[in-house]
Amino acid sequence: MNAFNFLGAKPATGKTMMLDKGLGLHAVDDLLATAGTHISFAKFGWGTAATMDAELIKAKTAKYRAAGIIPYPGGTLLEVATAAGKLPEFFAEAKELGFTGIEVSDGSTQVGPTTRANVIQQARAAGFYVISEVGKKNPELDHDLSTAERRKMIQADLDNGAHYVILEAREAGKNIGIYDADGNIIGSELDALAAIGVDKLIIEAPLKSQQVALILKYGPNINLGNIAWDEVTALETLRRGLRGDTVGKIE
Amino acid sequence: MNAFNFLGAKPATGKTMMLDKGLGLHAVDDLLATAGTHISFAKFGWGTAATMDAELIKAKTAKYRAAGIIPYPGGTLLEVATAAGKLPEFFAEAKELGFTGIEVSDGSTQVGPTTRANVIQQARAAGFYVISEVGKKNPELDHDLSTAERRKMIQADLDNGAHYVILEAREAGKNIGIYDADGNIIGSELDALAAIGVDKLIIEAPLKSQQVALILKYGPNINLGNIAWDEVTALETLRRGLRGDTVGKIE
Amino acid sequence: MNAFNFLGAKPATGKTMMLDKGLGLHAVDDLLATAGTHISFAKFGWGTAATMDAELIKAKTAKYRAAGIIPYPGGTLLEVATAAGKLPEFFAEAKELGFTGIEVSDGSTQVGPTTRANVIQQARAAGFYVISEVGKKNPELDHDLSTAERRKMIQADLDNGAHYVILEAREAGKNIGIYDADGNIIGSELDALAAIGVDKLIIEAPLKSQQVALILKYGPNINLGNIAWDEVTALETLRRGLRGDTVGKIE
């Protein structure tokens, strides 16, 4: 039974993708007990999963899966595996470790559209839930990517079978993608990308100001990503109209 | 027995109000073992308590109470309940959940002075330790609140039975209340409010620079609030003269 | 067995000094399970150890030692003890609490070169692993310290028996030592100090941008300090070329 249920604040149904950059088992237990029902995806950020013991990773993915959450390794790790010509090994080990999702990205490496399409299709064929990501981790390279190119990539990824497409913002959320150097939303860029269908996107929004702006623009069920583990509950309060920034502003 | 006791650094007696924005039970156990004796109040920030299971909240409040700490739900939640005309239900459930304190605020909603007085008196009558808060969560609305109005509210709250009055600074501590856009103290504003009696105030000071400035100005036992859970020990070192910023500066 | 071992990313051998500013036992267990092998030194920041129960400190140092990590109390605490004329008591209690390292600094107090040399030698004679630190915690005093003076102190500390010398940057990493007010590296200052032998230094680098810059300049095995407990794994991914910033850039 939820506390203060009589207030009638509705649980949000928007997807929340949380960034796990190396949580231990006690922290995961705490997270799931406090906020597990508000998380859809647990991303093991970039290559963090590859610095730990396999048994520990298995224990973590099992906890996430038992809570109804899709755990997946960061796209950077898939990129490193792809560049090394070891994609089959990557899929096999990801499955062995208990990951049920795969992120396909080209944030740190060059990946042609044909390869990208193949990787998405292979991941789907291997039984993974597939999320792709659009954007470059290096700000200069990211700025070179035009809005038209981003739109084209998003559409192609969806056509090739991606369940969702992430708009990249990294852990810091500044000077990248839809955000300017201060982390403010560039409205024209966001509008152009959201026109494809905002319900097919997961918008990385690590900063609270970004979460507030996106919830006020699209409503409480906008899909948000790169949420820090210790901000998941705070985000849920924003979505439910239980924090100052959104009190009285959620339908 | 305290470690390095021979150094004679005195435990602080000033009140520390910690911001709990969704800690799990392992984290609470860690916090109480490392810093429990330095905490007077555990605020379950804004509406976070209303996103969790009631049994979990009960387990947390029990741990805080056993450590001599007064747990209370954020003022935002009381505001939402008041706006919904459900204040009696709010007090009843807060008690049922094990909260022993109540925060009365109008940071996110409009509350007239008569209603505010009534709420404080009702909370006291219901047996709660009562802390009120002065300040608006929206910076523009907060700037509209004059120093004279703040002083009047603080005095009225104390007259109506509030044990302490909090000076609002939110989690971020910038561009609000006694702080400018960079989080620096606006001396004239602070002095005017502190003239009422700084020992009746709890000054929210989430940033370390603010904690240092307030300790150097008022001494180690100034009452400070919105301290992050993982900064409670660091604050205690500032109060005891055991961190660079205050070494040799604490009587 | 490390996860995703087939990728061949090499574990780093550079020293990582982590800042523990008051972790509880569950958090330490999580940290050691996820990242224990990547940590060489656990610094109990400034005077935090002196705010806790001695038995808790013993339990923590035992866990660190069992993981092959050298735990040591912050230099500030040694400075406070030295100023109080209680250095022998400090060494005795540090040993009793299970610390195997000692940090010798003058960041918060004035310590003459003869005293500094004596303290380092006494700490070595008492069987401690000794790390010294060069730099002032007050930015104005720190700016008064010339590059030549820093070089002289580093060399003297090494001659007197310090195993490593830390370049001070505090927890925030800005406007101090080799960093400007934005936390960017002052190249000329760093080069002049590193000329002594970068393998004898531990460079405090609390900000990710600093870690990236130092790894790209000196390679993955540069010794880095003041790493936040929840950034140890992220740093290891930078060292192994498993995060966007260093993918394809690590030999």
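Residue numbering begins at 1 within each chain, and the chains themselves are lettered A, B and C in the order written.
FYI, contacts are C-beta pairs under 8 Å (C-beta built on N, C-alpha and C of every residue); 3 or more make two chains touch, one makes a residue touch a chain.
Predicted model only: the values in this text are computed from it and were never measured.
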Touch-based graph of the chains, sorted into line, ring, star, complete or other: complete
Size of the rotation, in steps of 5 degrees, that lays the CA trace of chain A over chain B: 120
Type of chain B:chain C copy interface by residue overlap (half), same or different: different
Centre-to-centre distance between chain C and chain B (centres being mean Cα positions), rounded to whole Å: 34
Sites on chain A at which at least two other chains make contact: 26-27
Sites on chain C touched by chain A in the complex: 1-4, 6-9, 11, 26-27, 29-31, 33-35, 38, 230, 232-234, 236-237, 240-245, 247-248
In the complex with chain B, residue positions of chain C that touch it: 21-27, 45-57, 73, 76-77, 79-81, 83-84, 86, 89-90, 93, 97, 107-109, 137-138, 170
